[in-house]
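Heads up, the next two complexes both have chain A, just with different partners, chain B and then chain C.
Our next item is the complex of A and B:
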């Protein structure tokens, strides 16, 4: 009995050590998943038939009821309809089955739940520079559903934790019988099991990236935009970390997602592979801006109030690569004003002055422009700015105060 | 001699590692509802899963459905015996006169209040301001409005989750038990876990008047204590959770003095 147990524990050692060694050897990068290999595993109107997946879907029913009734959701029918149309276009075979919810959370994120409903954070709409980028993220999330990632990773975890428990128990009993302590090997096997779970999770993300790139390319969006998203995110995180005197996290063995850098590189290769020369691709930037126009001030406002000036400034600069406007200039000023370091006040004043030169400057730009002028002792100009503010926003909560300032 | 010692140790181990705990709190002025009262049960939250060999919990749709039906049936029978008139709603759109959003707000508020009760009453983080004051929490005007609009006297929030050890988990426990004979004793890998709680809200005042938690767990897989899937197990749980409602302290003292 003991000889056999030792054999098994040796195997668990090999498995654990092997996984650890493999992970160390290759770092966290795994081979790129090719878009053409990504075939959807579910068809239209998919319903689970196996017991574990049925259980998972039932659990999700209540989760969806909770999310659908959440007071964090943005209910604007134009926006929600837009997102529904978008997932209906790039969602592959399950396009018509998906539900999509927009939550007012100023972070870069989107997620797909096992039963086919997705949640998009408002911070994503702020960061995407065109429809192709938003479609890329939505297609990535659709990819998780189309490739059945949730149930596959659940089964992977179940299988590995089952095997590990049996192995650990046998090693304990075998070790006790033989009078050897095998705890160190069991720990190594545990590390191996855990590492392999994270690796599996990263492999799924790589699949979803490849699937997403394929889906948007088929719909006529330039697939390179998916790589650009990561370039932007890396830039933003670097800027945010630099401001706080920290370093950006660059990926490790315990990450559930591949590093942003490797995703960007892989997606560039994907894009080169699937872009058909001569085929017209359109990133639909104009349409995108039309659609999100009504909440863009809210998106910028939420971001600026996160007190992360490094990221906010980077974001505004990135969005401005497609052209400055009054809104972006105003929020550039807000970043400086709220940061309030030496020299920030004149910087903010300059931004407000630049903002009001655009026809789309928000009312608040005139208000802050007026205050900046007042501080500089330019009372006449300030009064004109306040007057403009009051015409644009006669019911402003601070109207009485501004009227008094304007004299 | 040695064998008997081992058996005694095992028995003690099993006794220590499987237990059912229940602890209720009530508003000092609370009197358990009786007579002709109308009780609204809002979306009972029931989940039953199976613990896999390695400890992961697999949700089971069929068991959950069975348990939910059994619990609702047991609850109706129990409340009817006290004179209560029970309505159970499963979805937020089933309550006439109240919008889904309003109901969602009350549910979310109740969830936050329940979490606070659990933190300050059960997890040992007692609040000096609430010492000796029984259960002193309220859902406020929202709950009163719900009562006015619907005509119910009380709202009951019920949560029940049960995790049943699978065959593989039990086998792992038996393997651990077998190891006891050669010096590696590990039968306590973790077995059935059940957690149920309920809060009763008086819809006339908005106050949470009564709260109870039943926690049952066994470290040794294979030991059972009321299986929610069966009508008998569900009735046992409903009895443990709601069957022994005690009046609040002020009410108890008043009845003693009388």
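Our next item is the complex of A and C:
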């Protein structure tokens, strides 16, 4: 028996919670919700007053404590401060009450928990092309809180199934309150179970989309970027599935799975409706790149090394629409090298050669360029590339091996 | 690929466990068998090693394990593990995987250089081991099985929030990959198992057919 099968790690809590509860990916409305109809249902400093919601918040405080202490979080103060400022700008009336955490997980996701804290996955930062897109996702998540979706969905779920009751939840809290230590596994499993109770309906997703579009437009971001996010997500999922010879799952009328296509159409309509002619909108791409610049190589690294060539290549091509640079060319080469099909070796070699022509080529691009040249029998050029690598990264972990090659 | 394969293995192990409970009392099924302190063959039988003390060998599970890969542990796969790769052929991967899986462990190629083998190992951890952070500590030349090999040292943070440390000593011989790999929790278990690992690497020999 494998102990880890019983384990609910924080990541699976996050991922599980994300899939079931927070759901960038779930649901779409059958009828479009108009942004101007989206009025926040909570004001600043909101606290629950009803018994079930108070219990829920107490559980979420424990969940937040666990997540805040996780070593999977990225603690870079510049980045976390940036996210805090962003949710503080597009978070509507609750903007100053939200907390936001950045987890190092290379997936496209973000989630809002019922007590007003959000978790953003690092994979999201890689995929967003500008600040308006990131603000759009954060505003969408804020929309779930502002429209009280968690408690509403929880109450709906409860009516439909009698599997869990407030009593069971409160008993859990009582147990902890009485000093009964159940162990991390049990506590986290319990939290995971409770999180899985929140399943946003399609109507709720549509509300969050409309609310999000409204929030970012009010802040001066072009609302069309909300639709562009979904276009990019659909494109990436299609590319990944197509590459492995599969069809991407398509949501239907009776399907609870997403149907991002119709969601995108609705978001385009929202954008057209709320864009004020003559008003200046700014997607703040330059500011966004400044903010994530220090972590961008790590984000690309985390994605490309998963060896999902369809998705990675799509992502790189999407990011390159704003211009190629040494970093993107290098990671394009990495996609081919890891894919390693016949013909990929020369393809990767071309990308490395192209990458090192850019002034911002990372040191690793020189190393792989050197290895590619060595394999082609171009020893002198390979040595020069290795020498350049060692100059840029004198304490490289593989310096001993590279020196032997360059020797 | 000890810890990495155990998630996949769990289902099979569970099923076999259930079967064994039907049998006579007292004859339980264990996924492990003891490794005696003497020269033993590992993997597909082409490598011989001597363990300095008894370890536990994971029984191969049909359809899940690669014949050229054998996993050992001392304190359980979550805490420590040694894997032997005995002659992985060109075009094969270190772990069995579905052709349609979006994320795949890269396949081995006969012409791979040590950095390429190292990158393959890194992707194994990221794709199948749940590693969210993987740091190469060093990659250096090291003779292995009488060939020009390499030693890769690394550490990784996994989704169970534990930092683990690993070392892989390997070489490509006649176009096939031979590797002995230690992976253990960074605190305590790494130090506790490294001497055994080094003794195993030093004792490793190819078995002549």
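In this text, the second predicted complex is superposed on the first by the 330 of 407 C-alpha atoms of A that agree within 3 Å, B and C clash if a C-alpha of one lies under 4 Å from a C-alpha of the other, contacts with A are read in each partner's own complex, and residues count from 1 in each chain.
Note that in this section a residue touches a chain if its C-beta (ideal position, glycine included) is under 8 Å from a C-beta of that chain, and two chains touch if they have at least 3 such contacts.
Computed from a predicted model, the values in this text were never measured in an experiment.
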item: First (chain B), second (chain C), both or neither touched by A:71; value: both
item: Touched partner set for A:379, first chain B, second chain C, both or neither; value: neither
item: Chain B versus chain C as contact partner of A:62, first or second or both or neither; value: first
item: Winner by number of chain A residues touched, once chain B and chain C are compared; value: C
item: Touching partner for A:51 - first (chain B), second (chain C), both, neither; value: first
item: Touched partner set for A:265, first chain B, second chain C, both or neither; value: neither
item: Touched partner set for A:392, first chain B, second chain C, both or neither; value: neither
item: Which superposed partner A:240 touches (first chain B, second chain C, both, neither); value: second
item: Where chain A meets both chain C and chain B, residue numbers; value: 70-71
item: Residue numbers on chain B that touch chain A, as the complex places them; value: 45, 47, 49, 52-56, 58-62, 64, 91-92, 100-101, 104-105, 108, 168, 172, 175-176, 178-179, 182-184, 186, 189
item: Complex contact set, residues of chain A against chain C; value: 1-5, 7, 9-12, 70-72, 104-106, 240-241, 244-246, 302, 305-308, 310-311, 337-340, 367-368, 371, 374-375, 397-398, 400-401, 404
item: Interfacial residue positions of chain A with respect to chain B in the complex; value: 51-52, 54-59, 62, 65, 69-71, 154, 157-158, 160-166, 169-170, 172-173, 175-177
item: Residues of chain C touching chain A in the complex; value: 6-7, 9-10, 13-14, 17, 76-78, 99-107, 109, 111, 113-116, 118-119, 122-123, 126-127, 130, 132-141, 150, 153, 157, 159-161, 163
